[in-house]
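By letter and in written order, the chains are A, B, C and D; residue numbering begins at 1 in each of them.
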Amino acid sequence: MAFISTGYDPKKPMENRITDIGPRDYNEFYPPVIAKNKGKWSHHEILEPGVLVHVADSGDEVYTVRVGGARLMSTTHINEICEIADKHCDGHLRFTTRNNVEFMVDSKDKLEPLKNDLASRKFDGGSFKFPIGGTGAGITNIVHTQGWIHCHTPATDASGTVKASMDALFADFQDMRLPAHLRVSMACCLNMCGAVHCSDIAILGYHRKPPMLDHEYLDKVCEIPLAVSACPTAAIKPSKQTLADGTEVKSVSVKNERCMYCGNCYTMCPSMPLADTEGDGIVLMAGGKVSNRISDPKFSKVVVGFLPNEMPRWPSMTAAITRMVEAYAKGANKYERLGDWAERIGWEKFFEACELEFTHHLIDDFRQQAYMSWRQSTQFKF
Amino acid sequence: MAKHETPFLDQLESGPWPSFVSDLKQQAEVRAKNEKGVEFQIPQDCVDDLLGIVELSYKHGRTHWKHGGIVGVFGYGGGVIGRYCDQPQAFPGVEHFHTMRVNQPAGKYYTTDYLRKLTDLWDFRGSGVTNMHGATGDIILLGTTTPQLEEVFWTLTHDYNQDLGGSGSNLRTPADCLGQSRCEYACYDTNALVHFLTNEYQDELHRPAFPYKFKFKLDGCPNCCVASIARSDMSFIGTWKDDIRIDQDAVNKYVENDAAYPANAGAHKGGDWGPFDIEKEVIALCPTGCMKFENKKLAIDNANCTRCMHCINVMPKALKIGKETGCSILCGAKAPILDGAQMGSLLVPFIEVNPDNDYEAITEVIENIWDWWMEEGKNRERLGELIMRQGFQKLLEVTGIEAMPQHVQYPRTNPYIFWKEDEVTGGWERDVEEYRKHHQR
Amino acid sequence: MAKHETPFLDQLESGPWPSFVSDLKQQAEVRAKNEKGVEFQIPQDCVDDLLGIVELSYKHGRTHWKHGGIVGVFGYGGGVIGRYCDQPQAFPGVEHFHTMRVNQPAGKYYTTDYLRKLTDLWDFRGSGVTNMHGATGDIILLGTTTPQLEEVFWTLTHDYNQDLGGSGSNLRTPADCLGQSRCEYACYDTNALVHFLTNEYQDELHRPAFPYKFKFKLDGCPNCCVASIARSDMSFIGTWKDDIRIDQDAVNKYVENDAAYPANAGAHKGGDWGPFDIEKEVIALCPTGCMKFENKKLAIDNANCTRCMHCINVMPKALKIGKETGCSILCGAKAPILDGAQMGSLLVPFIEVNPDNDYEAITEVIENIWDWWMEEGKNRERLGELIMRQGFQKLLEVTGIEAMPQHVQYPRTNPYIFWKEDEVTGGWERDVEEYRKHHQR
Amino acid sequence: MAFISTGYDPKKPMENRITDIGPRDYNEFYPPVIAKNKGKWSHHEILEPGVLVHVADSGDEVYTVRVGGARLMSTTHINEICEIADKHCDGHLRFTTRNNVEFMVDSKDKLEPLKNDLASRKFDGGSFKFPIGGTGAGITNIVHTQGWIHCHTPATDASGTVKASMDALFADFQDMRLPAHLRVSMACCLNMCGAVHCSDIAILGYHRKPPMLDHEYLDKVCEIPLAVSACPTAAIKPSKQTLADGTEVKSVSVKNERCMYCGNCYTMCPSMPLADTEGDGIVLMAGGKVSNRISDPKFSKVVVGFLPNEMPRWPSMTAAITRMVEAYAKGANKYERLGDWAERIGWEKFFEACELEFTHHLIDDFRQQAYMSWRQSTQFKF
């Protein structure tokens, strides 16, 4: 494993340095039919789950096959995607915002071979490599964060909760039976690197214990002022601590009841870890949307205050999600998003229909906006 | 033969959805075999160790990663995220396991040629594990060591004509929907604008000069497929000012349930919803009630249309967006932390999107906002929080935009108007002795 | 001949609406003539001077009243508001001009016998100017001097069996709609409950022990004619739990536009709205869409009814409130100052209104809330502000009420749940050394 | 004007003292038909503007004639009310929450004489004493505060603005042509003794100048700590001041840009007056309601940021109110309250329809709830 240099010389970092060149020009990457008809598309149709056709004013058509997959992706897997794109799509493909892969062909006769090829590929473990779906009034891929794969503050895993959820929701990935599309999102702690606060269903990792304090090391590895200022609720103060051996050290103290377990302090100071087997788990939110269609965009609401981490498949979580999806499928009107449905029937009926327990944790007590969520009306259902 | 036992993760190989565990295992095996004879610059068994350490997290219910110190490439304040594991003896392959963010192309179109170059590089100098893509939009190269960072950057810039993305208190990598490249709803060329803005603001993207992170996201229409209204400090959402274009013949095809005219472009094909009913599915669901279908003719009172896209989405062959297109700009969206979530608030109802003058109308708004935020924003204060702290009126002031009722969902419900002294006749300085002539103590 | 020229006020005598200026002028004249031979205990020309000083305000655009010092009757902390003018030489008749609040009867029914006693007393010991009634509900006797306060109080209590109302940091005089006395919508006897509460809490009404003012208002039904939901710290609004009672024959009379069945009880008679249309005017306007009219039969899905009163208001001869009646309790309403307006937030969806046990269910809620507010409320902090500061969850805790989805319009949009240590398995104290066995520094 | 004692002895205040007896028992005051049928009413009808009939299960009827009037009322006027009630109503009457008077008779034949009597009575100045109206889909009496008649902090007059407004709206007091009832309320400063924050139209007196400081007298007549703590925005601080003659006195200073002109300080300290001829005036609010009918109760919104005090008839104010009423009458659907109409058409169209100017003052900047009023949507009308 000898180090092989590109030519970069750490002693002369500016020599031949190229910077600020930005991304590659998208024009280099468009498939020809896209480049030709850009800005001149007439309409589209979802032919079947995962398969779309877009028709241009020119009469040109582009057929798209959308496949799901893990956003965590090996080069081996990417190379396989390239192999398929070379074989069927003249070496072009694209990714969607929700981590699907789209293979495009410019005539209908190329569609079946492509679909068959994609559907036939499976991992050794048995799962599909390229399941076709994720369109229309169904459930598409879950956007998510890193979790235990690569993050220092997660309260749960991301890839695992997503895999467990998508297995449970797989039929709806490949179908379009729902009243409207349903977006599931996942963030592994409340910093929400992937903002999930406007999703039909959001899975959120959540700590419930304030940080431990590694007093012996804290002042050695942390800048105490940075740790103090990292706290959004001003719960951290500098303090002197006496260790077991009697030595006095500079450290911090935490006002536990003010802590909202965000882990910002741990980011600044490794001597303040907060992960905990029993403390950590899942919050479920529901009813958000980003589209302006029919109703305004809206925030998701907390509908399950806490579920424990149940590795490896989080059955309580997937059961709650499935109950929400089924109640929605049964109760909502055509075109009605999950949150619009909940508002129409009233959240009290939502909890009933989804068999979810309402607890005091779900009543807002954050800032004065909380007031807006309480009920200033005699209009409610018993 | 796997390096570590992974009984928990193994259970995530079953089920239909693509298993990230299966993929990591295949990757570990490919690296172990190394049929291509790659001269791996980081440990060959790093993916085995990645599986091992994630398995340990599944056992403990806790992560085993520590935050990295400051690592990066020379002169850039972002684009690299340091990462170390807390069990280096057991999993030496992932002791150092940094992330690099690579700026994705507009619309996320790729050629296989480009992707293969990237995988070659990442097999050679990294773990071969990626995210396609990260939450902000970048290509994420997941797992390499500190000495490789400059090497990867060198190859990207010299050989691939490719730069890193943003992280830290920078402009984050702007992201867009595919826009006019393949969507008939797009009101402007999102790919062109996102590419322009990314290049125009390379300095802001790479060198931290902001109070905190700043995101641009570009949606071609109010359907907001890229969620700009929820996820970006400045959100550019396509819209139009004139009338929805109607093809009455096509409307009637929908009404007649012609098979070539499936409602909602076929999105409901899996449900048993009965025949399409224009009254129930379009007219009655229009949020403003501005539509009528009488005598086989659809009429839209465009002055009362709020361009919600529903009717167009339902009958894409019959209804088209207007021709006088541009975008709305909304400001301040962010996730809940620290001070509560915000969605973008409408600042500019309509602005032209004009490549011919380098989008000058748009860059003026951006730069006015940045000037204010850099001057007034506190450390780690997002734009939305600054707007909340200093008020929406202040945002109008710094951008030189007239207040109009479009800016609000409803006018203020409280009468606590803070007048400025120069707005009040006679000013605030008064002579109490003069007053006392008429009002005894 | 008027004592003061009032050219501004004179202009307010014209026009159709009853002129307060004309009334004050007639009062000034009646006092000047004094045909009844009253031995006026305050200046006979006080109403002349009242007109004079108000005229001066019309000239200046500014008030000429000063806040009074502390005046009142012995042992009471409220019921009297001191007032002095700032031009006593010019208007000696209103130099001292205090207000007394007299506790109005439930439903504001009166006999002329009682009212005449009151006017006799006020002619004798006051200005003869009143408000029928003040904003909170009291009879307001407007304008007397300090020595008269105890005298008026003595006559009220000894001869009229009548007490003062509240002011200051007290329970304010409770107020109600007329309720079952003359309204078919009333779900409970507001007159009886308001009378009971006023008497039960006389001590709280007269002696300041609260952080600030506290208001009860009682509405018989969700139409809220007395505005309790906007104007009272505790609002009691009638409601029912069972089904709306339907007289199908009467429904059809409405549908047939029978003249004896005018829609909305005739409230729209002045408009040109065309014939009554049950689909458009009732079914389509039902906020929950829980009604149907098919085959001449009206069906209500009562489980989805939110009792908004609209259908009952529109067809009062056909639809009646349920039989299992009681009230909802909402808390915290207040005007904008100091910390923003609030409407009452629903605390008790349904509670029995039972005179037979002295309304014990209701007084328990009241007293739990007062205990908390008196313990925790800051000086001049209204209940609504305390709820906002300590949280609605805290209100539930102190009243011993289980959280339920009826309490919210929607669940919290932020995930910032502050757990209590005893709610979390294993508590918060942990051994960092144990943790470090699995997670190296 | 000799002092005549009731028997109260200031030296022995507790002697024969009666306290805590509460209000008179309402049962003493019910008219017989009310007492008999209480709790057993079947339905009611508005026969014509201002005239109602309530029908009991027993078949009994009570006819009510509602008349408007000033809530500022002399004993002479009350005696005249009593005279009418004696003549027609067996000595009974009632007042409504909105300061109307209701005369009730128990049979239809008593109605016409009562109505004729009421309608015939006028003040010498020409105005009606007892105008019949105030029912149904019209405009009823304006609830209001004291204003210049009796208050120390008003920014405008109450009785005068109300008289001017009701003269302008008089036709709608005696008619029921509107889409729904329309409630107008008035408060003479933002303390809102009469809470007007949930009215269809609200007239609000408003100061715009911070208090003057009468330094020479301040410490003599005020408790400085009370003045300081009275300020809701913490704009007042104790400070030392040097008078013209060089003497140094204790006083306060006010941070003017923090002042919201509420007058709380003046209530505590007469040396801080804030009334001003040009500074004071009117704010108009619109679109509130308290009823739970169809839609939830809602707050009024500020629609006119400021109008000057134009004594004695405030023509700019009544013109703006009239424009709102007429636009509402023209634009709203049957049963639609003013605020529901504005929300349905959008506030941008409300300003257009009512010919009101939108200014930056109308954009909320008070507390974090302000955010909820900004537009987080692309749904708006040009």
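Keep this in mind: contacts are C-beta pairs under 8 Å (C-beta built on N, C-alpha and C of every residue); 3 or more make two chains touch, one makes a residue touch a chain.
These are the chains along with the protein names UniProt gives them: A, D = DsrB: sulfite reductase, dissimilatory-type, beta subunit; B, C = DsrA: sulfite reductase, dissimilatory-type, subunit alpha.
Since we're looking at a predicted model, the values are computed, not measured.
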{"item": "B-D or C-D, whichever has more C-beta pairs in contact", "value": "C-D"}
{"item": "Rounded Å distance, chain B centre to chain C centre (Cα mean)", "value": "49"}
{"item": "Cα-centroid distance, chain C relative to chain D, in whole angstrom", "value": "13"}
{"item": "Centre-to-centre distance between chain D and chain A (centres being mean Cα positions), rounded to whole Å", "value": "52"}
{"item": "Of all residues in chain A, the ones touching two or more other chains", "value": "190, 197, 270, 275-276, 278, 292, 297, 299, 366-369, 371-372, 376-379"}
{"item": "Per-residue multi-chain contacts in chain B, two or more chains", "value": "60, 62, 64, 222, 224, 229, 237, 287, 307-308, 336, 339-341, 343, 413-416, 439, 441"}
{"item": "Category of the chain touch graph - line, ring, star, complete, other", "value": "complete"}
{"item": "Chain D residues within the chain A interface of the complex", "value": "292, 296-297, 367-369, 371-372, 376-379"}
{"item": "Residues of chain D defined as touching chain B within the complex", "value": "190, 197, 204, 206, 208-210, 212-214, 217, 221, 256-257, 260, 270-271, 273, 275-276, 278-279, 283, 285, 287, 299-303, 305-306, 342-351, 358-366, 368, 370-382"}
{"item": "Complex contacts: residues of chain B adjacent to chain C", "value": "60, 62, 64, 86-88, 336, 340-341, 413-416, 438-441"}
{"item": "Complex interface listing, chain C residues touching chain A", "value": "222, 229, 237, 239, 241, 287-289, 303-308, 328, 330, 339-340, 342-346, 349-350, 388, 391-394, 396, 403-421, 424-426, 428, 430, 432, 435-436, 439, 441"}
